[in-house]
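The following pair of complexes shares a single chain, chain A, combined with chain B in the former and chain C in the latter.
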Partner chain A sequence: MERKRLRRSMMFVPGNNPGMIKDAGIYGADSVMFDLEDSVAITEKDAARFLVFQALKTLDFGKKEIVVRINDLNSGLGIQDLEAIVRAGVHVVRLPKTDSAEDVVFCEKEIERIERAAGIPVGTTGMMAAIESANGVLNAKEIAHSSDRLIGIALGAEDYVTDLKTTRSDGVELLFARCMILNAARSAGIDALDTVYSDVNNEQGFIEEATLIKKLGFDGKSVINPRQIDPLHKVFMPSEKDLEKARAIMAAIADANAKGSGVASLNGKMIDKPVVLRAQRMLALAEVSQTDEGEEV
Partner chain B sequence: MKLVKTGTAGTMESNDIMVTLDPKEAGGVQIALSSSVMQQFGRQIEAVIRQTLTELGVAHATVDAVDKGALDCTVRARVRAAAYRAAEDQEYDWGVM
Partner chain C sequence: MTDIKSIYASIPHIDEISQHGAFEGTKDKRMGTFVERSATQNKVVESLEEAIRRSGLKDGMTISFHHHFRNGDNVVNLVVGKLAEMGFRNLTLAASSLSGVHAPLIEHVRNGVVAHIETSGLRGELAEQISRGLMDFPVVFRSHGGRGAAIESGDVHIDVAFLGAPSCDPYGNANGYSRDEDQSISCGSLGYARPDAKYADKVVILTNNLVKFPNSPYAIPSSNVDYVVLTDNIGDPKGIMSGATRFTTNPKELLIAKSAADVIHASGYLYDGFSMQMGSGGASLATARYIRQMMIEEGLQCRFALGGITGQIVSMHEEGLIDRILDVQSFDLDAAESLKRNRFHQQIDACYYASYLHDSAVNQLDFVVLSALEIDVEFNINVLTGSDGVIRGAIGGHPDTADGASLSVVVAPLTRGRIPSIVEKVNTIVTPGSTVDVVVTDQGIAVHPDRPDVEVKLREAGIPLFTIRELKERAEAIVGKPDPIRYKERIVGVVMYRNNTVIDVVRQIDEDR
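So, the complex of A and B:
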């Protein structure tokens, strides 16, 4: 499990589709998420589980983070999903419909039991929790702090808006949930991941939503089609102007350090710690993004 | 594993294979395979089917497989799913797969 890594895009791949599974690694998503839950018919749950299990054990997805969305643990299917995918070496288990910290703790105990039974070092398997209800949103902080295995928490908007008795519109209906999830994630030092944008043909709408969640502070977003990956990464790529400013800030800090000065300034403005942190983050993101793009070719 | 009824898994989509298993009392495993890549990979697909059934302890069965260019891991997954369905067995032993 890699706790910290680039997670701008997490691509859903239906777990019972061999063609999509085979090609999942080639589109440039930072994380690939095989889905055993909503995209698989109830009569095909067993077949999808076998397929994802064999794919995880056989196919080489390079440096991609491999996530599997399991079925609800209360459905009786979720435990079987865990039995298969933990043994197959999944990087991260995505727990759906997380309403409370207890849901995460229960899932973690099951993962630990399977790791011990399979001779896998305890703690190898990461987790992320998808919050999809009003209860879950209100418990976001406790959920985010509930396990050291958590690499992030995510918003699942379709179920959430249904729970709120509304529908998805311009995003105002999701603002409270997004802010709760984001602050909970930051409080726990883990990633915040946004929900899917379902209208694949509306690229402008997708870009607007991606821009909004980046402004809020999210680390990334789930995508349902490879076409959404490139526009999403472009939204997360710092502009050249921002990068120039970040480089100038770091140069001013280096200059001040060389002179033995405890205070640095740029264009007459003092550079304080949060400014340096933001500049460092931006340069790191640009560097990783460029390396990543290079590897995809 | 004892097969007790017909079990089918897979689809006719590209990159998949549809596997149908029927129980038999004797005579080993008989495979009827059709594939869009029969010339190149027919023997390999048949070998994977046989090996998977051997691993599952299925000694006698009739196999009808329609391949649409499935990878070996997909063939294994579909044969396993069909076999567990044909055996009406839901005690999956993931540790030995």
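So, the complex of A and C:
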């Protein structure tokens, strides 16, 4: 598992749709998430688990991060899902409806048991936790710190707004949850991932939401249709002006280092550490944004 | 005044001057109004049967039809039904194409009315039956350009052409639409009917819309027409055309389209003043949309768009991106309507479009985007037979445009269901690989080895490339390798290349266990 990697887009793929599973790798999403939970009818659970297991074993998804959303561990299905997908070598297990740190710890124990049984080095399988309730949001910090396997925490908005007794609108209803999850993730040094935008045909609305969550500081967002990937990546692509500034900052740092000076400045302003960090992050992002297209074909 | 008759014989070299003897005076002067004459002295005959009788059609002759009414066509069924009723036998049916609606021909073949079929394509029950051995004489498949050339050159001789027209005047000036009033049926261009009208011995126009002389503009001039039959039953508007070709939202088609547009852009053939042709398939249509974006961003102008025309091309013309439209076939109502209002939207015939006998419009194409059912490792293309070996497609202008255009881009999903699109050898060669330059799939792009110039440019643009074999292996890694189709020895179809040479055959499928 790679704890740190680019996760601008995580594409949902129903686990019972072979056509979509076979094509999941071609759309340029940073992560692909096969769903065994809500998009699969209860009568299809076994078939979907088998299909996703076979897909992970046989299909070549290149360098993509492969995530599988398992069923609720309390339902009995979740354990069966883990038995299959951990053995198939999934990169990240997405735990749905995480209300507390105990949920994560319980899941981790099961993963470890299966890793040992299958002869997979313990710790290979990553985890992410989806927070979908008021309780979960209030426990976000504990959840984010609950396991070394966690690569990130995500907001699942549909269940969350129901729990809040509201509906999704312009995003104001999600502001608290987004800020909680973001701060919890940052406090634990892991990624913060935003929820889906379900109106596939409203590209403008999608771009507005993506712009908002990027401003807040999220690392990325779940998408439910390949058509949302390009606009999302464009939102995350730094502007040429920002890039120029970042390059100038890095040049000034290099210049200062060459002169043996510990203090660098640009246009008369001292460059402090967070500025350098931001510039580095931006340049790294620009590099992948420009080169990732087609790398998986 | 000289008495011309008395000196006629003494004119030097009179036998060598092309003339018809001495002037003998004129006929009686016409007296009535032209409106009266239009009503009485014209080419309108009272019934289809009468037109057939007067045409001099005999057993064993060749009749022809166009396919501008697509799956709404009733002309073929109406005419052949009447011919059967009148007792004709052993006819050759040379249509520009046939579709699912023509299943009644099966009975006419069984009863000996139709002995031989020439067409660009076959679909539906008729195609299934032919693939199972319905006919003794193999069906001859020709491309649109190849058919035009064969008619021009006399290789295909048409005795009587029966051409449906959504508007026609009493003298036979016929068109696919009317600037006065469409009577519910409109098909836009009549491009594939025009060689038939020009070269057939006799031409019968069937129309549901008899308009006043002169029907202007016309696709077929009255000088090419012998009889006009008024019937309200030439076709079903619903099957002929839909309002506008819908833009695909299928993410895989969009991905392929984006890649195809990137390939065209990188190849250098997208420059100010370029020319293009786009198919009507989802991915080709979407390619036009990406090309449009690139044109706007870079301030490029397209000199002309060719071929089957869609509303997408029309809107690019109307927003000033495309100077001229050359329309051999209108794919949707938006395209048909545009012919009425846009003076630089020009209707062209099949020969002008793609005949190999002269420098036809396809030879002026910078690029064409084409679809494919199967592509093999030699880049040969099949658009005619399905993965079960049954005929279910049409050659159309595929080989004509691939050969004519400087850059031919073939788009296809790498796999369809559980069937790979890239195979060792195609079922049926329609377009030879030597005319195919780039293959674009959802999982990778391959450039023909004879086009290192294109390959270099695509690499320079950072477009990842594969060999065609790598794509084939990738397809097989996903869906496996299907069992080969089993055929019998018997040949049921002959595929002609655009220059009227035989390029492949279609065999009867073997369903015996």
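Note that in this section the second predicted complex is superposed on the first by the 294 of 297 C-alpha atoms of A that agree within 3 Å, B and C clash if a C-alpha of one lies under 4 Å from a C-alpha of the other, contacts with A are read in each partner's own complex, and residues count from 1 in each chain.
Keep this in mind: contacts are C-beta pairs under 8 Å (C-beta built on N, C-alpha and C of every residue); 3 or more make two chains touch, one makes a residue touch a chain.
Predicted model, so just to flag it, every value in this text is computed and none were measured.
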### Query
Who does A:22 touch here: chain B (first), chain C (second), both, or neither?
both
### Summary
Winner on chain A touched-residue count between chain B and chain C: chain B
### Task
In the overlay, answer first, second, both or neither for which of chain B and chain C A:83 touches.
first
### Query
Taking the superposition as given, does A:122 touch the first partner, chain B, the second, chain C, both, or neither?
neither
### Query
When the two structures are overlaid on chain A, which partner does A:60 contact: first (chain B), second (chain C), both, or neither?
second
### Message
Let me test your reading of the model: by the given contact rule, A:251 touches which partner, first (chain B), second (chain C), both or neither?
### Response
neither
### Task
Using the superposition on chain A described above, determine whether A:175 touches chain B (first), chain C (second), both, or neither.
neither
### Message
Under the stated touch criterion, which partner chain does A:227 make contact with: chain B (first), chain C (second), both, or neither?
### Response
second
### Message
With both complexes overlaid on chain A, does A:284 touch chain B (first), chain C (second), both or neither?
### Response
neither
### Those residues of chain A which chain B touches in one complex and chain C touches in the other
19, 22, 59
### Summary
In the complex, chain C touches chain A at residues 249, 251-252, 254-255, 415, 417, 442-445, 462-464, 466, 477-479
### Task
Can you check the complex and tell me which residues of chain B touch chain A?
9-10, 13-16, 70-74, 76-78, 80-81, 84-85, 90, 92, 94-95, 97
#### Entry: Touching residues (chain side chain A, partner chain B) in the complex
17-19, 22, 46-47, 50-51, 53-55, 57-59, 80, 83-84, 87-88, 117-118
### Summary
Interface with chain C, chain A side, in the complex: residues 19, 22-23, 26-27, 59-60, 201, 225-227, 294-295, 297
